[in-house]
């Protein structure tokens, strides 16, 4: 029963990991840039939701679209003014640019908000539902459901909207996209904004059960990379499946290993996947 | 011909470095700062062999740095082996770790390689934190005080450390230089952008990258040992740190000038005192300001001049010679931003 | 309709086109012949704004193309089917085609235009849900041409549409060109298969090492020894 | 006078479902200059990549002077004496011209000797004036010549030239052809992929014509120029006509 419970927890956790990582995967899939600052955009999303709660009284679940919007704009201009200028540079320049962005965002938050850990207070925080002998925590469940909804929305957007089609076209063949009349530079800006916005959305919905601080992103960084590499860099559906897989692994390893070793399991999976199947485990399945 | 001003500058820097302790308070903070500058210059120089010459950008050099620190210290604490010897054993272990990480990652380039090395360093950090019975866990390790004991790598004064570090920097720089101008350097530069062409004219790409990684790892481990002998105390989060070790080494090299001999030295001389000054000046301000400035400098450096501060050299030379500063406007902007 | 005057240009420091002048009238099919590396593809790329460095004048129905960004040119009515097809491999046939309508003057028309393309290539109708990357070369070529047609062009540039295709498929591509032309769309065709190109086109130009060496009616070019020489060097 | 130094035996390479090389067999004799021609996409570059080990064969073998090389790595094949130049050139961008040639010389010599040898090769090819130039500063014809010089520095016995004459002026072309003939006189065997038919017809002893990864003709330049299958492959024909099987 403990295992069933762990798997359930893992799925709920993993759905959110999926959304967070989908953003990273989208950025890589479209731009071919690994955004090392992705986790810091998650942290920014958490702060947006936190302040929306603190000053406007908004529930983080309701503030999540706001977090998405704010971070979308931030991402759009980060791409337009910074990352976009090194797109054709060697990977080293891209790596260091996003690493610089990571340091800037993290410490910018530290300067602005201090190092305090902050958390919100919502009525359902410690509630839950019984499902036979299983326990479903309310904040985890709500976060999971929101994650599923936004993933569905993204899927619809990418499949149906002109902008969504343009993003996929640019990701697959920028030259052919240009010949179809798509402005690739603008599409990159939108894709980057969308990618970090989704991750920020994920940051907001987990706020009811997690604290925010300037370093809140860091703990998600390797996790996100693991999910994305597992699902295949650039594959957004892979990221969702990868997220749930990682959620379950993390949850199960919590039963088997001391808490510090939970991440070790992830790292080792991460390196093994990179080494053996850099195209991702789920790709082509 | 172009190497000449750089050579003179290096010589001047060396002489200044040798004489510096005469002018600075041996117990003062600045001698320690200069020691730190040189350790990081040396480690960044070691990183530069891989990241600069072979173009394999590692974001996990903290792994080798930390291995050097832990191996020498654990050998000393548990078996009484002098860190002088432990340092060499640490370098060997790090070279082995370098070879190990090479096997699965060698086919990876660019982003994938950076990610894999980053994860490798994180694995090391987690192991060091978890394996408390051996490593002391998150509490960290303190090097037992032995007074003035040169054989055990311990001194009361900062000055001997300072000269040891200077020697280390010179050794690592000489290794870098030897590689850069030697046959091995030709092979490394050949494979960095055009591995297929390199292999077709006879370069064994796998072996060349592997050897570069092992040398780079071993030298970084030496820096790790010297660093902790200098600071006496360390924990997993400090020596295996992503930001303060891995990224910092890469950043020093890139800000100074990727793949150049003088780059890491310039980069360390520029960044670390800047950080020190920022911390001193801004200590009353919120924490993070110095790091924030760091991030901004890194972004600016890449956007303005991806080749680093070294690229300013020719521009400065033209100015010094009184010639018409024919530099394009972005060069001028760069001068104002960075110098 | 399309008027290219004194075009030179290339990549980096290397010029691949030297003082090339050609023109295409509305509704006409024109071919550009020449051996590999003669500059045919570069000429196409220059027209659609993909060649990094261009000098000279390119006008299309009075508009100066050199002032336009590459992604704005399809909207003016020039579609380009690139060499190697470049379909969006992971998209379905229908999604590929819809992407072609991105720049169309009237997007609301996209569904109706889809029918025009399916009329042209019934095969695509059957395979509308299939991923383009999993199709045969000939089918991918149909997707690429269909995608270009989705933007409602008045001129379509086709770069080596028969490259690497089996003879029977070449035949159907050839046929489709005739039908596209019958819809009033002008075609500028680059083709290695000179016999095929000259049977489709009304006029032709011959490029050698980036320079225009010959031009004239298709019938005249077919018998001109200069054409054979440009290809075989004999 | 059959004395093959290089033999392909049923070499096959596939990408996805496409057969880029399809049961391709032919021999190259010692000190011969052999041209490989064929329309775009015929598999010529794949053929060269397979010969030097950059592309693995799916089946079949390649033998260099009695040694099977189709399972070797590119640097091992280079050491055995076969290397190629790159179409569109792939010089080492972080080195000057001399550095590029020197690197190749390191295969058989220590650095100082490799540098002398490189200088010597550049001198013989009359490239000494640009020995210290960076790659970015070179014109395309210069790059093509440096590609040749770099390949020469590995002491090859078989040299594969991949479109070195593209974009050369007629006089530069003559110079390259003269160099090639000279190299052959010095004992080298040369395989040439070239689109420039005039050059290939006058340079080569023998020509192999490839289309869709298969050999459709083989013979002297005169035989090839008169071969209807070749003319069809190049100029095309009415698609209704059956593909001509040529023995």
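Labels for the chains are A, B, C and D, by order of writing; each one numbers its residues from 1.
Everything that follows uses one rule, which is that a contact is a pair of C-beta atoms (placed from the backbone, for glycine too) under 8 Å apart; a residue touches a chain by one contact, two chains touch by 3 or more.
Small disclaimer: the values here were computed from a predicted structure and weren't measured.
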If you check the contacts of chain A and chain B, which chains show up for both? none
Which chain maximises the distance between its CA centroid and that of chain C? B
If you tally contacting C-beta pairs for every chain pair, which pair wins? A-B
Dist(centroid_CA(chain B), centroid_CA(chain D)) in Å evaluates to 44
As a quick test, compute the distance in whole Å between the mean CA positions of chain B and chain C. 54
Between chain A and chain D, centroid-to-centroid distance (C-alpha), Å: 49
Could you please state the distance in Å, as a whole number, between where the Cα atoms of chain C are centred and where those of chain D are centred? 32
Do you know which chain D residues sit against two or more other chains? none
I'd like to see which chains touch which, written out pair by pair. A-B, A-C, B-D, C-D
For a test of understanding, state which residues of chain A touch chain C in their complex under the given definition. 159, 162, 165-166, 168-169, 172-173, 175-184
Per the touch rule, the chain B residues reaching chain D in their complex are 182-183, 186-187, 189-190, 192-194, 196-205, 259
Within the complex, chain D is touched by chain C residues 13-14, 16, 35-37, 137, 160, 162-164, 167-168, 170-171, 174, 191-197, 199, 209, 228, 231-234
Give every residue of chain B touching chain A within the complex, in rising order. 51, 55, 57, 59, 103-105, 107-112, 114-116, 118-120, 122-123, 126-127, 129-130, 243, 247, 250-251, 254, 258, 285-289, 291-292, 294-296, 298-299, 302-303, 306
Chain C-facing residues of chain D, complex: 18, 39-41, 139-140, 163, 166-167, 195-201, 212, 225, 231, 234-241, 243
